[in-house]
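In this document, chain identifiers A, B and C correspond to the written order of the chains, with residue numbering beginning at 1 in each.
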Amino acid sequence: MSSFVNAQVKDYKVVFDMSSRDTINQQAIVREIGLITGASPDAKLEVVIYGQGLDLAVKDRSTQQAAVQKLIADKKASFKVCAMTLKRNNIDPSQLVPGVEVVPDGIYEIISKQQEGWGYIKVAH
Amino acid sequence: MSSFVNAQVKDYKVVFDMSSRDTINQQAIVREIGLITGASPDAKLEVVIYGQGLDLAVKDRSTQQAAVQKLIADKKASFKVCAMTLKRNNIDPSQLVPGVEVVPDGIYEIISKQQEGWGYIKVAH
Amino acid sequence: MSSFVNAQVKDYKVVFDMSSRDTINQQAIVREIGLITGASPDAKLEVVIYGQGLDLAVKDRSTQQAAVQKLIADKKASFKVCAMTLKRNNIDPSQLVPGVEVVPDGIYEIISKQQEGWGYIKVAH
(Lines give C-alpha, C1' and ligand atoms only; values in the text may rest on other atoms or scores of the structure.)
Protein backbone atom coordinates (compact mmCIF):
# COMPACT_ATOMS: atom_id res chain seq x y z
CA MET A 1 0.00 0.00 0.00
CA SER A 2 2.66 2.42 1.04
CA SER A 3 4.88 1.52 -1.89
CA PHE A 4 1.93 1.97 -4.24
CA VAL A 5 1.32 5.43 -2.87
CA ASN A 6 5.03 6.18 -3.17
CA ALA A 7 4.85 5.26 -6.83
CA GLN A 8 2.07 7.82 -7.34
CA VAL A 9 3.92 10.76 -5.83
CA LYS A 10 6.78 11.79 -8.04
CA ASP A 11 8.15 14.36 -5.68
CA TYR A 12 7.76 15.23 -2.04
CA LYS A 13 6.82 18.89 -2.37
CA VAL A 14 4.80 20.67 0.26
CA VAL A 15 3.83 24.25 0.92
CA PHE A 16 2.95 24.82 4.56
CA ASP A 17 0.42 27.58 5.30
CA MET A 18 1.40 29.25 8.57
CA SER A 19 -0.98 31.92 9.81
CA SER A 20 -0.85 31.05 13.52
CA ARG A 21 1.25 32.55 16.29
CA ASP A 22 0.56 29.55 18.50
CA THR A 23 3.83 28.16 19.83
CA ILE A 24 2.67 24.55 19.47
CA ASN A 25 2.24 25.24 15.77
CA GLN A 26 5.67 26.88 15.64
CA GLN A 27 7.19 23.76 17.18
CA ALA A 28 5.16 21.45 14.94
CA ILE A 29 6.32 22.95 11.67
CA VAL A 30 9.97 22.72 12.70
CA ARG A 31 9.56 19.13 13.88
CA GLU A 32 7.69 18.07 10.75
CA ILE A 33 10.31 19.55 8.45
CA GLY A 34 13.01 17.72 10.40
CA LEU A 35 11.17 14.41 10.12
CA ILE A 36 10.38 14.81 6.44
CA THR A 37 13.87 15.82 5.38
CA GLY A 38 15.38 13.12 7.56
CA ALA A 39 13.51 10.48 5.56
CA SER A 40 13.38 12.30 2.22
CA PRO A 41 16.46 14.48 1.78
CA ASP A 42 15.27 15.66 -1.63
CA ALA A 43 11.91 16.91 -0.37
CA LYS A 44 11.06 20.46 -1.40
CA LEU A 45 9.45 22.24 1.52
CA GLU A 46 8.31 25.81 1.80
CA VAL A 47 6.68 27.59 4.71
CA VAL A 48 4.58 30.62 3.83
CA ILE A 49 4.04 32.92 6.78
CA TYR A 50 1.33 35.58 6.90
CA GLY A 51 -1.32 37.07 9.16
CA GLN A 52 -1.02 35.91 12.75
CA GLY A 53 1.88 33.64 11.77
CA LEU A 54 4.40 36.46 11.59
CA ASP A 55 6.10 35.83 14.96
CA LEU A 56 7.74 32.63 13.68
CA ALA A 57 9.80 34.73 11.26
CA VAL A 58 10.76 37.65 13.51
CA LYS A 59 13.95 37.75 15.58
CA ASP A 60 13.33 37.83 19.32
CA ARG A 61 9.69 36.84 18.80
CA SER A 62 10.06 33.42 17.24
CA THR A 63 10.24 30.53 19.71
CA GLN A 64 12.04 28.60 16.96
CA GLN A 65 14.53 31.19 15.76
CA ALA A 66 17.64 28.99 15.91
CA ALA A 67 15.84 26.01 14.39
CA VAL A 68 14.38 28.05 11.54
CA GLN A 69 17.71 29.67 10.79
CA LYS A 70 19.40 26.26 10.68
CA LEU A 71 16.72 24.69 8.46
CA ILE A 72 17.23 27.53 5.98
CA ALA A 73 21.04 27.42 6.15
CA ASP A 74 20.97 23.65 5.62
CA LYS A 75 18.59 24.12 2.67
CA LYS A 76 16.00 21.85 4.30
CA ALA A 77 13.21 24.32 3.67
CA SER A 78 12.53 27.88 2.61
CA PHE A 79 10.57 30.31 4.74
CA LYS A 80 8.72 33.12 2.99
CA VAL A 81 6.85 35.91 4.73
CA CYS A 82 4.14 38.11 3.21
CA ALA A 83 5.21 41.71 2.57
CA MET A 84 1.71 42.98 3.32
CA THR A 85 1.82 41.30 6.71
CA LEU A 86 5.20 42.90 7.42
CA LYS A 87 3.91 46.34 6.48
CA ARG A 88 0.72 46.04 8.54
CA ASN A 89 2.81 45.07 11.58
CA ASN A 90 5.53 47.69 11.01
CA ILE A 91 8.21 45.02 10.79
CA ASP A 92 11.26 45.81 8.68
CA PRO A 93 12.86 42.94 6.74
CA SER A 94 16.02 43.52 8.82
CA GLN A 95 14.09 42.21 11.82
CA LEU A 96 13.48 38.82 10.20
CA VAL A 97 15.29 35.64 11.15
CA PRO A 98 18.31 35.44 8.79
CA GLY A 99 17.46 33.60 5.59
CA VAL A 100 13.71 34.26 5.69
CA GLU A 101 12.58 35.63 2.35
CA VAL A 102 9.88 38.17 1.60
CA VAL A 103 7.15 37.61 -1.00
CA PRO A 104 4.70 40.28 -2.12
CA ASP A 105 1.56 38.29 -1.22
CA GLY A 106 1.55 35.18 0.98
CA ILE A 107 -1.75 33.77 -0.25
CA TYR A 108 -0.66 34.23 -3.85
CA GLU A 109 2.56 32.38 -3.09
CA ILE A 110 0.58 29.47 -1.62
CA ILE A 111 -1.87 29.11 -4.48
CA SER A 112 0.97 29.41 -7.00
CA LYS A 113 2.62 26.41 -5.39
CA GLN A 114 -0.68 24.52 -5.36
CA GLN A 115 -1.13 25.23 -9.05
CA GLU A 116 2.38 23.91 -9.72
CA GLY A 117 1.35 20.63 -8.10
CA TRP A 118 2.80 21.04 -4.64
CA GLY A 119 0.91 19.49 -1.74
CA TYR A 120 -0.72 21.87 0.73
CA ILE A 121 -0.77 21.55 4.51
CA LYS A 122 -2.42 24.08 6.78
CA VAL A 123 -0.54 24.32 10.05
CA ALA A 124 -3.14 24.27 12.84
CA HIS A 125 -4.11 22.18 15.81
CA MET B 1 11.00 35.70 -8.73
CA SER B 2 7.66 37.29 -8.21
CA SER B 3 7.12 37.86 -11.91
CA PHE B 4 8.06 34.23 -12.60
CA VAL B 5 5.47 33.05 -10.15
CA ASN B 6 2.93 35.41 -11.68
CA ALA B 7 3.59 33.84 -15.03
CA GLN B 8 2.77 30.40 -13.62
CA VAL B 9 -0.60 31.34 -12.17
CA LYS B 10 -3.07 32.06 -14.91
CA ASP B 11 -5.78 33.29 -12.61
CA TYR B 12 -6.02 34.41 -9.02
CA LYS B 13 -8.79 32.10 -7.86
CA VAL B 14 -9.15 31.08 -4.24
CA VAL B 15 -11.74 29.24 -2.23
CA PHE B 16 -11.51 30.10 1.46
CA ASP B 17 -12.63 27.39 3.91
CA MET B 18 -14.29 29.10 6.87
CA SER B 19 -15.36 26.79 9.69
CA SER B 20 -14.35 29.02 12.61
CA ARG B 21 -16.44 31.41 14.65
CA ASP B 22 -13.32 33.13 15.95
CA THR B 23 -13.56 36.88 15.44
CA ILE B 24 -9.89 37.19 14.49
CA ASN B 25 -10.59 34.79 11.64
CA GLN B 26 -13.70 36.79 10.68
CA GLN B 27 -11.56 39.94 10.50
CA ALA B 28 -8.76 38.16 8.64
CA ILE B 29 -10.92 36.90 5.80
CA VAL B 30 -12.38 40.37 5.21
CA ARG B 31 -8.96 42.01 5.34
CA GLU B 32 -7.40 39.44 3.01
CA ILE B 33 -10.15 39.82 0.42
CA GLY B 34 -9.69 43.59 0.53
CA LEU B 35 -5.95 43.30 0.01
CA ILE B 36 -6.22 40.75 -2.79
CA THR B 37 -8.89 42.58 -4.75
CA GLY B 38 -7.07 45.88 -4.25
CA ALA B 39 -4.04 44.48 -6.05
CA SER B 40 -5.83 42.04 -8.38
CA PRO B 41 -9.26 43.40 -9.29
CA ASP B 42 -10.01 40.37 -11.46
CA ALA B 43 -9.36 37.83 -8.68
CA LYS B 44 -12.12 35.27 -8.18
CA LEU B 45 -12.65 34.74 -4.48
CA GLU B 46 -15.20 32.58 -2.72
CA VAL B 47 -15.71 32.03 0.98
CA VAL B 48 -17.42 28.76 1.93
CA ILE B 49 -18.91 28.88 5.41
CA TYR B 50 -19.90 25.78 7.34
CA GLY B 51 -19.73 24.22 10.79
CA GLN B 52 -18.57 26.63 13.47
CA GLY B 53 -18.07 29.30 10.80
CA LEU B 54 -21.77 30.11 10.51
CA ASP B 55 -21.75 33.31 12.58
CA LEU B 56 -19.86 35.23 9.89
CA ALA B 57 -22.89 34.85 7.61
CA VAL B 58 -25.71 35.56 10.06
CA LYS B 59 -27.16 39.02 10.67
CA ASP B 60 -26.62 40.32 14.20
CA ARG B 61 -24.05 37.58 14.86
CA SER B 62 -21.37 38.47 12.33
CA THR B 63 -18.73 40.92 13.54
CA GLN B 64 -18.15 41.76 9.86
CA GLN B 65 -21.71 42.14 8.63
CA ALA B 66 -21.29 45.51 6.91
CA ALA B 67 -17.95 44.51 5.38
CA VAL B 68 -19.27 41.18 4.08
CA GLN B 69 -22.36 42.81 2.62
CA LYS B 70 -20.21 45.42 0.85
CA LEU B 71 -17.73 42.85 -0.53
CA ILE B 72 -20.65 40.95 -2.03
CA ALA B 73 -22.38 44.07 -3.38
CA ASP B 74 -19.12 45.23 -4.95
CA LYS B 75 -18.63 41.74 -6.47
CA LYS B 76 -15.26 41.39 -4.73
CA ALA B 77 -16.10 37.91 -3.43
CA SER B 78 -18.97 35.49 -3.05
CA PHE B 79 -19.95 34.03 0.30
CA LYS B 80 -21.67 30.64 0.34
CA VAL B 81 -23.06 28.93 3.41
CA CYS B 82 -23.77 25.22 3.80
CA ALA B 83 -27.49 24.35 3.90
CA MET B 84 -26.84 21.45 6.30
CA THR B 85 -25.15 23.84 8.71
CA LEU B 86 -28.11 26.22 8.49
CA LYS B 87 -30.55 23.41 9.20
CA ARG B 88 -28.59 22.04 12.14
CA ASN B 89 -28.50 25.50 13.70
CA ASN B 90 -32.13 26.34 12.91
CA ILE B 91 -31.13 29.38 10.89
CA ASP B 92 -33.47 30.45 8.10
CA PRO B 93 -31.91 31.90 4.93
CA SER B 94 -33.76 35.14 5.69
CA GLN B 95 -31.45 35.59 8.67
CA LEU B 96 -28.34 35.66 6.48
CA VAL B 97 -26.35 38.76 5.64
CA PRO B 98 -27.84 40.07 2.36
CA GLY B 99 -26.09 38.57 -0.65
CA VAL B 100 -24.84 35.43 1.10
CA GLU B 101 -25.76 32.39 -0.97
CA VAL B 102 -26.76 28.91 0.18
CA VAL B 103 -25.14 25.74 -1.19
CA PRO B 104 -26.38 22.24 -0.41
CA ASP B 105 -23.06 20.99 0.99
CA GLY B 106 -20.18 23.24 1.98
CA ILE B 107 -17.46 20.61 1.77
CA TYR B 108 -18.66 19.54 -1.64
CA GLU B 109 -18.55 23.16 -2.80
CA ILE B 110 -14.95 23.44 -1.61
CA ILE B 111 -13.69 20.28 -3.25
CA SER B 112 -15.52 21.17 -6.47
CA LYS B 113 -13.59 24.42 -6.61
CA GLN B 114 -10.34 22.57 -5.87
CA GLN B 115 -11.05 20.15 -8.71
CA GLU B 116 -11.66 23.12 -11.04
CA GLY B 117 -8.15 24.35 -10.21
CA TRP B 118 -8.93 27.01 -7.63
CA GLY B 119 -6.43 27.53 -4.84
CA TYR B 120 -7.50 26.52 -1.33
CA ILE B 121 -6.86 28.42 1.87
CA LYS B 122 -8.09 27.24 5.26
CA VAL B 123 -8.93 30.20 7.46
CA ALA B 124 -7.40 29.53 10.87
CA HIS B 125 -4.86 31.01 13.22
CA MET C 1 -25.99 25.63 -9.96
CA SER C 2 -25.65 22.62 -7.75
CA SER C 3 -26.21 20.24 -10.62
CA PHE C 4 -23.61 22.09 -12.68
CA VAL C 5 -21.09 21.71 -9.89
CA ASN C 6 -22.04 18.06 -9.57
CA ALA C 7 -21.26 17.62 -13.22
CA GLN C 8 -17.76 18.98 -12.69
CA VAL C 9 -16.85 16.68 -9.82
CA LYS C 10 -16.55 13.14 -11.01
CA ASP C 11 -16.13 11.66 -7.59
CA TYR C 12 -16.70 12.76 -4.03
CA LYS C 13 -13.25 12.04 -2.64
CA VAL C 14 -11.88 13.90 0.35
CA VAL C 15 -8.86 13.55 2.56
CA PHE C 16 -9.39 15.18 5.95
CA ASP C 17 -6.28 16.54 7.69
CA MET C 18 -6.72 16.01 11.44
CA SER C 19 -3.95 17.43 13.60
CA SER C 20 -6.13 18.75 16.43
CA ARG C 21 -7.04 17.17 19.75
CA ASP C 22 -9.93 19.59 20.18
CA THR C 23 -13.12 17.68 20.95
CA ILE C 24 -15.26 19.98 18.79
CA ASN C 25 -13.06 18.98 15.87
CA GLN C 26 -13.38 15.30 16.83
CA GLN C 27 -17.17 15.67 16.79
CA ALA C 28 -17.12 17.67 13.56
CA ILE C 29 -15.24 15.09 11.53
CA VAL C 30 -17.59 12.31 12.62
CA ARG C 31 -20.67 14.42 11.91
CA GLU C 32 -19.39 15.52 8.51
CA ILE C 33 -18.61 11.97 7.42
CA GLY C 34 -22.10 10.91 8.47
CA LEU C 35 -23.71 13.71 6.49
CA ILE C 36 -21.59 13.15 3.39
CA THR C 37 -22.06 9.40 3.25
CA GLY C 38 -25.76 9.77 3.98
CA ALA C 39 -26.17 11.84 0.82
CA SER C 40 -23.36 10.27 -1.24
CA PRO C 41 -22.97 6.59 -0.32
CA ASP C 42 -20.14 6.14 -2.83
CA ALA C 43 -18.03 8.97 -1.41
CA LYS C 44 -14.42 8.04 -0.67
CA LEU C 45 -13.38 9.62 2.58
CA GLU C 46 -10.13 9.31 4.45
CA VAL C 47 -9.09 10.90 7.72
CA VAL C 48 -5.34 11.29 8.22
CA ILE C 49 -4.41 11.75 11.87
CA TYR C 50 -1.06 13.12 13.01
CA GLY C 51 0.50 15.52 15.48
CA GLN C 52 -1.93 16.78 18.08
CA GLY C 53 -4.74 14.83 16.39
CA LEU C 54 -3.68 11.48 17.79
CA ASP C 55 -6.28 11.26 20.56
CA LEU C 56 -9.10 10.69 18.07
CA ALA C 57 -7.51 7.36 17.13
CA VAL C 58 -6.55 6.05 20.57
CA LYS C 59 -8.80 3.85 22.69
CA ASP C 60 -9.91 5.49 25.95
CA ARG C 61 -8.72 8.88 24.72
CA SER C 62 -10.99 9.43 21.74
CA THR C 63 -14.29 11.13 22.50
CA GLN C 64 -15.61 9.49 19.33
CA GLN C 65 -14.33 5.96 19.74
CA ALA C 66 -17.62 4.14 19.07
CA ALA C 67 -18.49 6.41 16.17
CA VAL C 68 -15.08 6.05 14.54
CA GLN C 69 -15.12 2.28 14.95
CA LYS C 70 -18.58 2.09 13.33
CA LEU C 71 -17.65 4.39 10.43
CA ILE C 72 -14.71 2.10 9.67
CA ALA C 73 -16.70 -1.12 10.09
CA ASP C 74 -19.43 0.24 7.80
CA LYS C 75 -16.76 1.25 5.26
CA LYS C 76 -17.94 4.87 5.36
CA ALA C 77 -14.40 6.17 5.79
CA SER C 78 -10.86 5.06 6.50
CA PHE C 79 -8.83 6.47 9.37
CA LYS C 80 -5.05 6.46 9.05
CA VAL C 81 -2.62 7.52 11.74
CA CYS C 82 0.99 8.59 11.25
CA ALA C 83 3.55 6.05 12.51
CA MET C 84 5.95 8.84 13.48
CA THR C 85 3.26 10.41 15.65
CA LEU C 86 2.61 7.04 17.31
CA LYS C 87 6.29 6.56 18.03
CA ARG C 88 6.79 10.06 19.42
CA ASN C 89 3.86 9.54 21.79
CA ASN C 90 4.82 5.97 22.76
CA ILE C 91 1.51 4.59 21.53
CA ASP C 92 1.48 1.01 20.31
CA PRO C 93 -0.80 0.14 17.38
CA SER C 94 -2.67 -2.22 19.73
CA GLN C 95 -3.92 0.87 21.57
CA LEU C 96 -5.68 2.23 18.47
CA VAL C 97 -9.41 2.17 17.92
CA PRO C 98 -10.11 -1.08 16.01
CA GLY C 99 -9.90 -0.57 12.27
CA VAL C 100 -7.63 2.47 12.37
CA GLU C 101 -4.69 1.92 10.00
CA VAL C 102 -1.09 3.07 10.35
CA VAL C 103 0.78 4.90 7.59
CA PRO C 104 4.50 5.67 7.68
CA ASP C 105 4.09 9.43 7.26
CA GLY C 106 0.81 11.31 7.68
CA ILE C 107 1.77 14.36 5.66
CA TYR C 108 3.00 12.19 2.83
CA GLU C 109 -0.30 10.31 2.87
CA ILE C 110 -2.20 13.60 2.59
CA ILE C 111 -0.18 15.04 -0.28
CA SER C 112 -0.35 11.70 -2.10
CA LYS C 113 -4.13 11.89 -2.02
CA GLN C 114 -4.03 15.52 -3.16
CA GLN C 115 -1.82 14.52 -6.07
CA GLU C 116 -4.30 11.78 -6.98
CA GLY C 117 -7.01 14.43 -7.25
CA TRP C 118 -8.73 14.05 -3.90
CA GLY C 119 -10.16 17.14 -2.28
CA TYR C 120 -8.45 18.39 0.88
CA ILE C 121 -10.14 19.68 4.00
CA LYS C 122 -8.22 20.82 7.07
CA VAL C 123 -10.22 20.06 10.20
CA ALA C 124 -10.08 23.17 12.38
CA HIS C 125 -12.39 25.74 13.90
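In this section, a residue touches a chain if its C-beta (ideal position, glycine included) is under 8 Å from a C-beta of that chain, and two chains touch if they have at least 3 such contacts.
Since the model is a prediction, treat every value here as computed from it, not as a measurement.
Between subunit A and subunit B the CA-based rotation angle works out to 120°, given as a multiple of 5.
For the touching copies subunit A and subunit C, the fraction of interface residue numbers used by both falls below half; the interface is of the different-residue type. For this pair, subunit A with subunit C, the centres built from the Cα atoms lie 24 Å apart. In subunit A, the residues that touch at least two other chains are 120, 122, 124.
Contact residues on subunit A toward subunit B in their complex (touch as defined above): 17, 19-22, 51-53, 84, 103-105, 107-112, 114-116, 120, 122, 124.
Those residues of subunit B that touch subunit A in the shared complex are 1-2, 5, 8-10, 12-14, 24, 28, 32, 35-36, 39, 117, 119-122, 124-125.
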